[in-house]
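Structures incoming, each one as structure tokens.
In what comes next, chain A is part of two complexes: it sits with chain B in the first one and with chain C in the second one.
Our next item is the complex of A and B:
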């Protein structure tokens, strides 16, 4: 026993030294996280209890009034509805397209590599470029897409200026811009599924479709969950494409939560506190969804 | 338990990290974001948008000839058809002397740049700002009462009505630059093809409707044409039309007697909205937000807009004319100005030296020598005009500087003379002067016009207007109670 104790002593010291070194290594990231995430998060909560302008001047403490006000603000409630609708359409479509394309492009042939590269191009384009380009393509008067539709016999094509279609256009453009990255992530996940599983399933008589559902899909679930979670969060925070493509219109039909928060913060006087309160609500909402998804993800992995 | 705690903390951390990410891109980019709230996220994304937009709309200034010249950074939002003329005039100033160099940035992101840079003292030294926004930024502006001592400008040379909008607590902060007047642009060829004579320009809103119908009938399968060109989302243009129905301000009254929202029980407003809705529903007005380019392409018969459209139309080959915005009866309403005033303001970012240099530029603008005739495209002989006069005459901007208004060049421009309001005219468009919530009112106006255009009933009646606009009346009343 004594020998065991004495032999553990040097290991303990070494362990502690290692731990100290590890803390040193994570210190830069931790400090940045504290400065740029944790402190602003606390500060933003303070801002949300104030009535103040964008320059943080003339602050007046109003307690939780801004939070109460948000839930009686019909525009905010409308923006939540629009964000949820957008998310409910965009995320499933994005995931389905990502899974199907990744299944088709998983083999490392030259053709597949080229197609993957092409699909990835919109991802590296700036949202501003994407928004402006699609605005021109879909322009009701000079847009090339509008022209093609008119050639096919469609009349009164005005996709961006119709409250009934504008949100779907935003969904389409957002998927067009980001499906490349979903595909790439899932392709690499599929490539990491061991070949032995496919061979074993083939011996058991599984066809391609059965292999897809019983081998491929379970094998890519960690990546799938990661994508699902990040897409969900990204959709709830949709801003850049809406801002450049429709500006939130027509008639606020594409005003998502973040677009409304931005408008409130920067286009109104003295409403930075209120805008921040809405941001806090969005933050809480996203956090709850993230926790639920983590829980489901953990449970699925255990199963 | 420990595992759950780890999951919970990780989830909280992830949500914290990604809450700041307003990008629509997937999580791989989200994790790199370092802000914590949606507002900050939006600003970040908007900043990217704006930076690029600013880069697109910014004109390079020539380098100063004198490296010791005092540099005055000058920001404005004149990115329309008038921007090139403004740039040419600034260039003229820079080459006409060597003591002061104006480094101008014209950007569509002007308002956002101001809001983010003013508090940090990194904004431009000199800006052009709508007087409605004066109260919003007054704490970041420098009083310039000394301009009367430092330059040859005289207070009595400016219209009291407009100069008074530049005062706060008896201190002068701005010098009127232009009155951003809204006018009726009409396509002469389309009116002629619709059977109108050369001088037959709609002067009433009924005539507008009638002409719009006739002009729209000229459409072909290849080229759709619309008689009327209202923008559904352009609040300034819409308000210019609505106000000419005799609606009064959206918010009336004053601080002493109280303010009042003015949408309901307002027959003129109801008539304006019914007129507008019918134009859209009849198909004589496109539901389009890019009306200017359609006007420049010869697809719009009648459009209301400001002088900033003139440069665009001059560059196109359409045959157009300018007249006063119609009224209900055709009688003039010169007790209402058709636009807001924009002023030069010097910000607290300017040093004493930069402030003096900015005042020198303002003095030159009012009294100096402008461009030669060949320098701009508006087909006006600019010889001997001051930059201020040249700006007014070439762009049809009304002016608040009396020597300019009384000049032969200004008086020789019939459009300017016709547009000039009376001395006692109301000089704002949305809310009564001095209201703190102008931007909220303007946003609310954009909301209710769009909602009405897209979701209002067809063939609306006065009662429809009353019920439809009730929530907006409540919104406006809530602004009043919020600020006063």
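Our next item is the complex of A and C:
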């Protein structure tokens, strides 16, 4: 776009001065990104091979021991299982809800705009507000939802303190907090599908439902994939809501990978090397999933 | 042909109405599920403990006990200090972030220089790094800088963001080509052109960055949890997580502190909703 000075060979003094200015302009951001993103990333590979706490001078090289240890650590394996279960439930539900609601909300009527504004509201609520709110709403003594569920005939409503149900509550609350974003991303995708495609399919005699499957869905595929990918990555990194809603309990039933990593690094143990090794495993896992998804995405869009 | 169409629409209209009612019902159920917990939590800030405990629970408060509740909160938690720390973190990060990131974005959008594309891709690649992977080394870095439990440690690492650079760059690119040429002829310096001509032209994007960045910092949990764990350095997020986390049984404390911590962002959202929505819808989800 900014092709005003697109000639690539330097045009004397003035061009050189502009180049220097450009470097000067990106310097502050570049320096900060290098110090606080790129160096920590490189350092993380080193930290993961150390047996160390906070004190750098006490670090001891242990090679791949931290990685080997992770795969025989029952708690880590359990946290992987919990994160996978969480992701396997949260992501499909979130995507289905997002697609259905966005299809219902795609027209810009005043009613739809208001509804979208409401759905988006939890975005400005911190995880703490969400966590505290739902702890209270589902509280076994005073919770308003607990009371309403009892009125509906459910007995023994103690959803957050039961290891069998706590993870499902976390899934529910996570979806509650984010389905508005998913919906709005898909609404703007639907609105970008050209009208001519709908007109063409209407001439072919397609009904509303058929149109949804044959025009809308293919049209929003790029946004759908993007959303699926970000949701998958986000779910595997789940931390905030678990930390504020259940703290990983009861009986570790909601201790996801990142909650376990956080505990290992910062809660009393201070096992920095080991925690980082587990982060690297998570990172590798996320990279593999991203690459696989890119591959599938490329294939489907070729069709 | 046209007659046929008319007949068809008349036939459908009954079915259509039913469908419409179902759609509206579904949308309202979701809206109800979304709003009820939040409204009930906010109303809880006005209830006395006895009211909260009464059975069956009442949705609306009978009398206004907010003043008592607020006094009780303050006797337990230094709320003003938490609010002050959160404001310093949010504003201290956002103002430099608007400047640093838009300046880099401006260079990427309007200048030609060697290595431009490579550097830009490297910048973008930092968005792919999950925070959990760098959180321990970053903590160690802040620790060795002696920045733990300081505003510097909270703020400086969070200023640069490829996400904001990406957002601003797209907006700078859409401006007409010859703007800076004219200003240069008038003898304006490059920095002056950026500050006085370009920034005002991408004001909506700057407002979006401002609001989303303030909101991100206000609600950020993990970073303050790690680097600002000392009581007098905590922000609302990690402070309340620590204080209320195990103590939701102190009902008026939990209700009131949560409600109060949410109000500033709620007000921002009510006034600037379209910026929040636009920021998320165009550039996807962050974090």
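Quick notes on this one:
In this section, the second predicted complex is superposed on the first by the 260 of 303 C-alpha atoms of A that agree within 3 Å, B and C clash if a C-alpha of one lies under 4 Å from a C-alpha of the other, contacts with A are read in each partner's own complex, and residues count from 1 in each chain.
Throughout what follows, a contact is a pair of C-beta atoms (placed from the backbone, for glycine too) under 8 Å apart; a residue touches a chain by one contact, two chains touch by 3 or more.
Just so it is clear, the structure is predicted and the values come from calculations on it, not from any experiment.
Applying the stated contact rule after C-alpha superposition, one finds that A:101 touches chain C and leaves chain B untouched. Residue contacts after overlaying the shared chain place A:30 against chain C, while chain B stays out of touching range. Once the two complexes are overlaid on the shared chain, A:19 sits against chain C while remaining clear of chain B.
In the superposition on chain A, contact is made by A:158 with chain B only, not with chain C. Of the two partner chains placed around the shared chain by superposition, neither chain B nor chain C is touched by A:299.
Contact with chain B, but none with chain C, is seen for A:251 once the two complexes are overlaid on the shared chain. Judged by the touch definition given at the top, the superposed model places A:139 against both chain B and chain C.
By the touch criterion stated above, A:121 is placed in contact with chain C alone, chain B being left untouched.
Once the two complexes are laid over each other on the shared chain, residue contacts for A:272 go to chain B and to chain C alike. Touching of chain A by both chain B and chain C, each in its own complex, is seen for residues 32, 36-38, 40-41, 44, 54, 56, 123, 126-129, 139, 141-142, 178, 181, 185, 226-227, 230, 233-234, 237, 239-240, 243-244, 247, 258, 261-262, 265-266, 272, 275-276, 279-280, 282-283, 286. Contacts from chain A toward chain C in the complex involve residues 1-6, 8, 18-19, 21-23, 25-26, 28-30, 32-33, 35-41, 43-44, 47, 54, 56, 100-101, 104-105, 111, 115-129, 131-137, 139, 141-145, 147, 176, 178-181, 184-185, 187-188, 226-227, 230, 233-234, 237, 239-240, 243-244, 247, 258, 261-262, 265-266, 272, 275-276, 279-280, 282-283, 286. Residues 23-24, 26-27, 30-31, 33-38, 40-41, 44, 52-53, 56-57, 59, 100-101, 103-104, 106-114, 116, 119, 123, 126, 129-141, 143-144, 156-160, 162, 165, 172-174, 177-178, 180-181, 190-191, 194, 215, 218-219, 221-222, 225-226, 236-237, 240-241, 244-246, 248, 251, 254-255, 257-258, 261-262, 265-266, 268-269, 273, 276-277, 280-282, 284-285, 287 of chain C touch chain A in their complex. Residues 32, 36-38, 40-41, 44, 53-57, 74-75, 123, 126-129, 139-142, 158, 161-163, 174, 177-178, 181-182, 185, 226-227, 229-231, 233-235, 237-241, 243-244, 247, 249-253, 257-259, 261-263, 265-270, 272, 275-276, 278-280, 282-283, 286-287, 290-291, 294-295, 298 of chain A are the ones touching chain B in the complex. Contact residues on chain B toward chain A in their complex (touch as defined above): 3, 7-8, 10-12, 14-28, 30, 34-43, 45-46, 48-49, 52-53, 111-112, 115-116, 118-119, 136, 139-140, 224, 232-233, 286-290, 293-294, 297, 299, 436-440, 443, 447, 450-451, 453-455, 471, 483.
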